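Okay, so chain A shows up in both of these, paired with chain B first and chain C after.
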Partner chain A sequence: MEIAATPWPIVGHTVAVEMLARAARTGQVAHAYLFFGPEGIGRFTLARIFAQALLCEAPPDERPCGRCSACQRVERGVHPDVSIISRETQAAGDERGDGKHTRISIETVRNLRASISLRPMEGRWRVAIIAESDLLSRDAFDALLKTLEEPPPFVVLILIATEAEALPETIRSRCQPVPLEPLSRGAVAAELTRRGIPPEEAATIASLSRGRIGHALALAADPEALDARRQAVDAGLEMIESPLAAIAGARRLADTYRRGQRDAVERQIDLLLGLWRDLLLLAGGCDEAIVNADRRDRLARLARQWTLAEIHRGVVATLQALGDLAINAQPRLVLDHMVTQWPQPR
Partner chain B sequence: MRLSCQQEDLQRALGYVSRAVSRKSTLPVLGNVLLSAEGGRLKLAATNLEIAITAWTDATVEEEGTITVRSDLLTEFVASLPNDSVSIELDRRTLSVAVSCARSKAHIKGIGAEDFPTLATIGDTEPTARIDPAEFREAIGQVAFAAATDDSRPVLAGVLAEFEGASLTLAAADGFRLSVRRCDLVEPSRESLSIVVPARALQELARIIGDLEEPIDMAVTPNRSQLLVRAGSIEFLSRLIDGHFPDVRHIIPQTYGTRMVVSRDEFLAAARRAKLFAQSNNDVVRIQMNPGDGELDPGFATISAQAAETGDNEDHLEAQVEGPQAHIAFNGRYLTEVLSVMRSTEVALEMTSPNAAGVFRPVGSDDFTHVIMPMVVGT
Partner chain C sequence: MPQEPSGRAETVAQSQSLYRKYRPRSFAPGEFVGQEHIARTLRNAIVLDRVAHAYLFCGPRGTGKTSTARLLAKAVNCLAPDPEARPCNACEACEAINAGTAVDIIEIDAASNRGVDDIRDLREKVKYAPTQLRVKFYIIDEAHQLTRDAFNAFLKTLEEPPGHVKFVLATTEPDKLPDTIASRCQRFDFRRFALSDVVEHLRGVCEREGLEAEDEALRLIARQATGSMRDALGLLEQLALFGETVDGKQVITADAVRRVTGMSRSDRLVALVDALARKDAGAGLRVIGEATESGEDIHQLNRQLVAYLRTLLLIRAGGTSDEAGEDARAQAEQFTVAELAALVRTFSSIEGALNKGSYAQLPLEIALVESIVGTAPAAAPPAESPQPPPIRPAEPARAVAPSPRPEPARRQPQVREPSPVPRPVRAVDTPRPAPTPAPTPRPAAGSALERLVASWGQIRRDVKMANSRVAALLSSVDPLDVRGEEVVLVSPYEFHRNKLNDDGIRAVVEDVLVRYMGGPYRVVCLAPEEVRDFVPADPVPTEAAPTPTPPPANGAVPPPASNPLADQDDEQRLRAARSIFNAEEIEQE
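So, the complex of A and B:
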């Protein structure tokens, strides 16, 4: 796939980059942006580059240059006119150091408000990036609303969220929405290759990352993670291939869940869902789109024994298990039910 | 970077700049002080992103260079050294600073100066205004305390500073009181402008200029983002608050029904006594003004407070009362705070009704005005 060249050092997001670059060039910058899209696709990177474009000291056509002191300090997170709000920075600013920081508190937003009412230290803009807008407490949202209603003219707020709907309507309607989507597989693979990953491995990682470049880079940097993922896929395939393995696997997952590792279990079910999705795609003749391309033969053998409707049942059962766990259904029942609803191998 | 300077000079300079060091920050470099050897002097600077303080001290510079090191560590280490020549040398590879004096030597790990914010400076540009430090300091003391301390309206946490002609007017308000002070500039201001400076920043500035005698230079950066002050070998920077400050002239009542003139010392002492009793009753201090019969009997004022559980007190002050008998109640803290910053021997209190603002003015000067909203209490 052809990757459109953007003036900014970021992979993909062509439409958003064009819009933001134009805003930075002309100075017609909205006072608040809402970047939303799945985690790991480069939302924060885009926000940071936008901040660089606003504060860069190079002539307008060359911004962000990446070389000037402003660009470099934004990159290192030490520019005085860029505030980054996340649970981490909140914990770092905690005087007593005893807070839990599961959410972003009203205190943090109030401090931000006081800080952005001061005119810029060096540049023309004050940029505040709220890296985890989904995690603002209800009071924090209300406090933020006051700033969004009458922001100082030099302030640019960038809210980052996974889903726009997770934010109150009152907040959303005061931000310019910037929808961000997972990158194409080609774009991720090309970037990995550019960074010196062998093309074959790059293709595998790209398909596994499902368009989340952040995850792809993490996988590429950590061979053990990739191996672990392969083992998890094989375990998942085995469950789908054999009803006995399925029951045993379900029990194991339920045990893991009871030990409190909810995330690990959810990840594994998500991976199973991906396998069923691949089967559906193979049965439907869309071979190119499958995620687990390195297990194509094994998947194809499986896909051949079932009808589309049967595979669909597998997808639905797996998806339901995820939903049931999220509303705290009994895990062992949920997982047993999931595997018994799957179609039987012939 | 390689230089030597006197311990005494270095300690004094560190004492100035360390006031601007950020105590808690997500950026480690803000806990550091910048050391920069340039043109035969050592420059020290620190900032907490609200204010920045830069100080210069004489030094023998053998090699120019710049680095930042932890402020608390360096300040305490230097303070512990004998008054002798201190030599400072930077190892550019390890970013470690060697400080040695007499028989002591230390290596302090630094952070590269490229992480330190770029600070605007007055440099050689003509300052906007010049002012006498003692007068400016007094003016800040009379105004800054009335600024809001919560963050609900950022602009009210600031002090309005209006430069116009040969005068500078400072004003602060927190929604319950307003303090305005006009002072003379040494030379007329080069342009009329009005800015809002964080009250905390001005209070810090007042401390720095405390013992200076020479007039200080003030300038506002061309983009109106910062106030720069040059006082002797120190430069002070404060970021400005953005926003519209309420129009203070509209808040000050122009007429009055009853006016009393009392001794400031007596009024303050009475207010302090009343505040003791007011503490358990929302700090309500009542003032009653009673006009006299004529020339020989000017009238008197009663300052009182009462709390159901604690008790009550009452002070009678000699007062020249003009207008009909009237009463009003104020928050005791507001009352004592304004009286303690007023400098005249006699003060005037003007009011129209128990529900309208009271105005405090010094007698014999029209430079200072203070307005307090009354507390409305059942009679």
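So, the complex of A and C:
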């Protein structure tokens, strides 16, 4: 995929940008958009730039200019015509401060509805961005339905979600879907290089980030994180290479899990899953796509000793472990089971 | 809509969505598409002046419920002397309604006005005569969202409203309405639009909007919308903005549709199926990798793949498909019907798992490799049962891990021509279970149990996707037996048993079971002490299995149990199943 320069200051998403830019330029703006795709690929950034393009004071062809006061205030999140809903804003608005904010409540949506029914204060549009629309409660969704169907003429709603399927059909069908995909590896690497990262490191980070530019930038900004990841990868490889290390590793992970660090354990299993997937790709003869490209030789050695079916079993067992942990199975059993299902090294 | 560069003073509005702009304005056949059965009934009601006082419109999104409700309101209030011509869209009343200024048409969004107070308020207002029109019309959208108390407060009004009031309740989930409400309304079920209706309508809209579109593009849009007009028009609108401009004219191309929706080109599907046929995992993985690298939606790819495999299945089974080209016919020949059916099942079962974790495409990759190397869920566990792994509780989940596909025996290349391309060495050198006799379309009791046990984890996960509360109930439940048309589950907790034997919840589980068991089964949940009675009877061989309910003649799925080969096969499977259970018993000693 070639990396086309887009008129907007965002990496990738050419189709979406082209579409939104045209909408902003011609004024043919839909009343609701649904941006969906994995996190870390610039969904919110795109929404913000779109809001800038709608509210910018420069001539249409130059929007968003990024210099006018409207653009800058949108960027800082203080523009009066842009409302943003997320769990954080909900928590901030919670006066009693005792609410649990795992979901976005119907109250928050009602407040939003009240605020967007007023004419814009200074711009032409009122833009409402619902940053984590997967987290709207069921009632909150329903309260949105009518607004989504026929909002006031000056309103543009932008819903951001990880998966379109997670939203009720009734919501989805009322929005213009804007699918966003992870960026291609080349695009991420190019952006990193542009920011002054040496090409070799950029390539490594790009393949690790799996197209999530947000993650890539975070990794690039923090050399320790990259180092920590390398160590974790090596630990994971060792587990796959040696059954003893695997059992020990599983026990360690289970202990960590019991101490409440669920996220850390899930991250490590996810990493193991990535390694197994790389093995699968190598065994299938699809070398160029592997994620842990910096450990290619070690992976290739491992891949050679098993058949595709055996590696497949390893992938499935690891994936299964992630799923089982998510439904609160006994962590120690899950992890022990995972490593015993892995094929034995020869 | 060119804008002034000055920026500030312009008055703007979102362009009116096509689906709002092209709501039907009359019941005329050209205008009111797709729901003829409803149009005819309502028109006759108007002509005969027998419009009911309350209607219930149900149907999936975008099938015209709200539009029809508005249309009905207009027709009832229309002043045209000839009832056949109503709504005329010319009289005062029609114009007022079209312009949205009629105060006597009251649309209530039940999702946000769902409380009992809202309904009390409505009840108060219902008493007053209409100010402008003949009949006051209440359209209650998303009616299922009303609270229970609100429904109850509404009952009396709905049963006998004043003569000048009519109601339309519109909902996507009619099952959530109390029966007392539903029985007071005339119910109309809206269907999803047929593909051709959607294409036709899109074409009409394109003409009126001055858009040009390729036929293929409209077909793709319609298919993408899965029967919802709103989705179709929404997509069309989006594409109208995206389309390429050729000589000052916008043309919507099939290519643009693919780019906007993240659909894959059909040659990707051909390549994927080709990889499956040649058992070349690398080629298949590469296709998936390319698709994700170029920003195609992995869900779409999988959905398209399933649709394509289904087409192949159709062709292979002797049917015809107007969408199939030479490619498809040639590819269909490379598989047996059973293989294609297994492929369709494998790939359609991963739909819910895609995009879940951090590797969006992983489930698809796994399914692909699995289809090629043929990991057998039923073959693996018995092989290991002599030395049971240290962890029993995870057993059902593990037995299932590779997915509920039928074992690879079915995938033996029976009629396949030797493929022209040499198979890659690595893919073939995998251990294969010995071929077993011809596949049976619907296995009898013994293998049904085996299949139930093997797919239990997968079933639970699917139930979880359908309804997480029911899934929580299943966590304490174990599958025990298949007796005729009954699936027997056992749970130590009375609460769970009662819940599971409840009709509504049972139905959720049964729906999922159909997918894995290849036919309808009834779910019964028993207590452990109740089952002790018949567990000893369990290992009675195959056909003599205790079936208090003799399998009723089921026209849809005739059990092919008479086949002696199949019987033998079943016995083997039963033995395998028994070995799974025995392993557990020994451990208890």
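The criterion applied here is as follows: the second predicted complex is superposed on the first by the 345 of 346 C-alpha atoms of A that agree within 3 Å, B and C clash if a C-alpha of one lies under 4 Å from a C-alpha of the other, contacts with A are read in each partner's own complex, and residues count from 1 in each chain.
By our rule, a contact is a pair of C-beta atoms (placed from the backbone, for glycine too) under 8 Å apart; a residue touches a chain by one contact, two chains touch by 3 or more.
Every value quoted in this text rests on a predicted model; they were computed, and no experiment measured them.
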Touching partner for A:Gln344 - first (chain B), second (chain C), both, neither: neither
Chain B versus chain C as contact partner of A:Arg119, first or second or both or neither: first
Partner chain(s) touched by A:Val78 [first = chain B, second = chain C, both, neither]: first
Chain B versus chain C as contact partner of A:Arg110, first or second or both or neither: both
Of chain B and chain C, the chain that contacts the larger number of chain A residues: C
Touching partner for A:Gly284 - first (chain B), second (chain C), both, neither: second
First, second, both or neither for A:Thr89, with chain B first and chain C second: first
First, second, both or neither for A:Ser69, with chain B first and chain C second: first
Touching partner for A:Gly27 - first (chain B), second (chain C), both, neither: second
Contacts of A:Phe154 with chain B and chain C, given as first, second, both or neither: both
Overlapping contact positions on chain A, where the chain C interface meets the chain B interface: 110, 113, 124, 153-154
Touching residues (chain side chain C, partner chain A) in the complex: 1-3, 5, 7-8, 10, 12-15, 17, 20, 60-62, 109, 111-112, 114, 141-142, 145, 172, 228, 230-231, 234, 237-238, 241-242, 259-262, 281-282, 284-286, 289, 292-297, 299, 355, 357-360, 362-363, 365-366, 369-370, 372-375, 389-391, 393-394, 397-398, 401-402, 424, 426-427, 429-431, 461, 464, 475
Partner chain B, residues of chain A touching it in the complex: 69, 72-73, 76-78, 80, 84, 89, 92-93, 95, 110-111, 113-115, 117-122, 124, 152-154
Interface residues, chain B side, partner chain A - complex: 24-27, 29, 47, 49-50, 114-115, 117-118, 151, 154-155, 157, 198, 223-226, 239-243
Chain A residues touching chain C - in the complex, by the definition given at the top: 1, 15, 18-19, 22-23, 26-31, 38, 57-60, 110, 113, 124-125, 139, 142-143, 145-146, 150-151, 153-156, 162-163, 165, 169-170, 173-177, 179, 181-182, 184-185, 210, 270, 273-274, 277, 280-281, 283-286, 288-289, 307-309, 312-313, 315-317, 319-320, 322-324, 327, 329-330, 333-334, 336-337, 340-341
